[in-house]
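The block underneath contains the structure these notes are about, expressed in structure tokens.
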Amino acid sequence: MKSLRLYALAYLAFLYLPVLVLPVFSFNNSEFIAFPLSGFTIRWYQGLAADTAMQHALGNSLKVGFATALLSTMLGLAAARAVTRYRLKGAGAALGFISLPLFIPDIVLALSLMLLLGAGGLPLSLAAVVLGHLLICVPFALTVLIARFEGFDRNLEEASADLGEDPWMTFWRVTFPLMLPGIVASLLLTFITSFDEFLLAFFLSGTEATLPVYIWGQLRFPERLPMVLALGALILTASVALVILAEHVRNLGAPKTTVGA
Amino acid sequence: MSFLSLRAVTKSFGGPAVVDAVSLEVERGEFFALLGPSGCGKTTLLRMIAGFETPDSGAIVMDGETMNQVPPHLRPTNMVFQSYAIFPHLNVFDNIAYGLRKLKLPKSALRSKIEVMLATVRLEGLEDRAADQLSGGQRQRVALARALVRAPKLLLLDEPLGALDKRLREAMQVELRAIQRKVGITFLLVTHDQEEALSLSDRVAVMGHGKILQVAPPRALYERPNCREVADFIGEINFFHATVREIATTGVTVNAGILGIVTLPRDNLTNGIKEGDHILLAIRPEHVGFADAGVAGEITASTFLGERNHFQVCLAGRSEPVAVSAAAAPSGQAVHLSFPPQFLIGLPSGD
Amino acid sequence: MAQTGRNSAEGYSLLVPALGVMALGLAAPLALLLLTSLKSQSGLGFAQGWTFAQYAAVIGRASYRVLFLRSLLISGAVTILTVALAYPVAYFVAFHARRKFVWLVALTIPFWTSYLLRVFAWKIILGFNGLINSGLMRLHLIHEPLSFLLYNPFAVVVTLAHAWAAFAILPIYVSLEKIDRSLLEAASDLGDGALRRFLRITLPLSMPGVIGAAILIFVPTTGDYVTPELVGGPRGAMIANLIEVQFVGAGNWPLGAALSLMGMAMVAVIAGLFVAAARAGAKAAR
């Protein structure tokens, strides 16, 4: 139907509008973010190269992101295997519990963790941010990895054992290669989620800001806005690239339908 | 001495026993089938022999060695899975060669071994084909080749032909038999398809509710089933209620209701039945004859099956029609049926 | 085949690390939150003893009640708006699009960018000297900037509706995609035209997806902080903004805790009522 297609395209435009604001005005030669456009410039990007505070925050975000990606994928891998390969009573309840953070407002998660740190006498820090990020990233990792395990013929590991391989070699020759795309996808998706996350980092990072927290701090200085947009445009491009990569990897080696007999 | 010996093997998954004190002997070089309906425990039994499940009690002995504690990768068995379990990330060559890694063969020796196997299963030229580009029949053969190339002492097949269409299945049955004869390995096949079991095997064990009901060569199973379940499961059969009047060396006389008083050969009565017992009298449709005199009845349905016709004949005093299989159709609907006593089998009534 | 019996211990041990992290990061902190809500602030610490004073304060103050109501109304509006706008798009992709995968990827890419940046972009778009105003002025369609665009509930609703679009599209798409096309063919064969088919078959069968999307959006939106903070102004403030104030600086932690728990409880009750009503509605419709 033509009108429906038109509507869908208009909707798509509405979705991308704010997103496109970032790259468009990051090249705009004016301190004010308004129409009309004032010509092309890359000075805002050049400004970023000199901004050491921003680069320090970027470093923090990368540290937190890598740690979160690694830990959430490992936890998710173990849990996904447990739930798909063993008949466990209460598996459903365990999964529900692990997914609970997705239904609780971020601010409540953040503040409760702050209370925990206070009660334990621990300082706000990047490690605390990682813990907070694990709460929202483990469910993600679980979803990706469970889907991968379920699409995996269970007989394959048994066949490998039947053909003479001990459990370790079976893992290496069969399980790991087939799980790899799922593992990579999980690492990428959890990394991006952690990298872009603002609220938990805002409350838990203390003195060491992550990149979104740094950006938040810049928002009240109008003269710094175009540089913030430039930074945002860069983050946007990187995130999109990683997501497309993750989707591509996730579908690699997924069982395809066979040709008819 | 038999090659595979199962001694009172029992297994349950937290409820009633799925495999109930099963004892079985399989000879070296036999093509042996485990036949039964879904849920009878045959697949669980097979998996215990392969090592993927552990018996709760009983022993599994292969070639004199007790295997209960031996993990699957150290047993002299190989299995062809129902889903084939072809490794999707490897091509045909690597799939077949998978289990040979430990032998560390030089490349040329490995290649020639695989090629011989490819020829045996008739997949020559496909060694570089990717796993996801194979048809169902091809995957089945790769699974077979992969298992056979390790020259196991016992090959286990879990409903290997179930997913194939009829034509392919029949062709594969012939090939499977030929391969077994050629290679000489003991084959243990699990299936719910009685035609398959009867046409392929040297001996068949019929299972029901976790127990072995009867073990016999196919012909004996067909002609002399020892109980109602086996008779019912193998081919089609007619049952009549009867009571044993007299057992003598010359024959067994029974009161068979609408069939009257009949005397069958002594051998046709299952062991353990005594005078006065209620029994089931069973006869195959192809042994029931149309005659000029006999039990009167009316044809209520007839089906043309090519070489034979199948009829349903209603008798007075009996609710279920009698199945009759004959080459020629009689004229008219009113007929008389004859039940030659040499084909009547006496089975326990199971009440 | 899944392992049983003695291997269950192995299975449980694999599950323990994830559950352990959750217990540490979720269960314990929430328990602490509950305990904190039952205390009173005293200087920089808590007073002795337990009390329900915070809950009384939350229910007692009119301005708080107004805030709760406004938060619920805003998230209700966001939920309805987002679902209503997303449904036709999901329908289009499920039934009429030829390259579904491309459409789905195109529709979800914007949501993999930083939420903070997207909200900020809306601030730029809706601002007094922002893109809409400067664009309209440039085109001489208005002579003075429109002031109703920003720092009010309107801005919050628009921004959140944009932010949650993907969470509406995907569940609705999945439930539409699952509908057996032969059901529609049967309906057509039995005399139903396109609109009838939609109302009698497609819409009812897609309801689980719609309800799922509604819950998925409503529950977190009530507790959102960033959007009201950046584009809401005083008139568009929501519960989270008030909660934040209690925890920052020398605020009132027990009050903040009570506000959080009350908020979560309210949302849970409403969501529960909604799901129950939807189920009852589905049963009645049979």
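Some observations on this one:
Note that the chains are named A, B and C in the order they appear, and that numbering of residues resets to 1 at the start of each chain.
Following the convention adopted for this analysis, contacts are C-beta pairs under 8 Å (C-beta built on N, C-alpha and C of every residue); 3 or more make two chains touch, one makes a residue touch a chain.
Nothing here was measured: the structure is a model prediction, and the numbers come from that model.
Of all chains shown, the one whose average CA position lies nearest the global CA mean is A. Set side by side, A-C and A-B show the greater C-beta contact count at A-C. One simple way to say how far apart two chains are is to compare their mean CA positions; for subunit B and subunit C this gives 59 Å.
Separating the centre of subunit A from that of subunit C, both taken as means of CA atoms, is a distance of 19 Å. Mean C-alpha positions place subunit A and subunit B at a centre distance of 55 Å.
The multi-chain contact residues of subunit C, meaning those touching 2 or more other chains, are 1, 4. Residue positions of subunit A touching 2 or more other chains: 155, 158.
In subunit B, 52 are the positions where the chain touches two or more neighbouring chains simultaneously.
Listed in rising order, the residues of subunit A touching subunit B in the complex are 153, 155-156, 158-166, 170, 173-174, 177-178, 253, 255-256, 258-261. Residues 1-4, 7-8, 10-12, 14-15, 17-19, 21-22, 24-26, 28-30, 32-33, 36, 85-86, 88-89, 91-93, 96-97, 103, 105-107, 109-110, 112-118, 120-122, 124-125, 129-131, 133-135, 138, 162, 165, 219-220, 222-226, 230, 240, 243-244, 247, 253, 256-257, 260, 263-264 of subunit C touch subunit A in their complex. Of all residues in subunit B, those touching subunit A in their complex are 50-52, 71-74, 77-79, 81-83, 85, 87-89, 98-99, 101-102, 132-137, 139, 146-147, 150, 164-165, 168.
Partner subunit C is touched in their complex by these residues of subunit A: 1, 4-5, 7-8, 11-12, 14-19, 21-22, 25, 32-36, 74-76, 78-79, 81-88, 91, 94, 97-98, 100-109, 111-116, 119, 131-132, 134-135, 138, 142, 154-155, 158, 192, 196, 198-199, 203, 212, 215-216, 219, 225, 228, 232, 235-236, 239-240, 242-244, 247.
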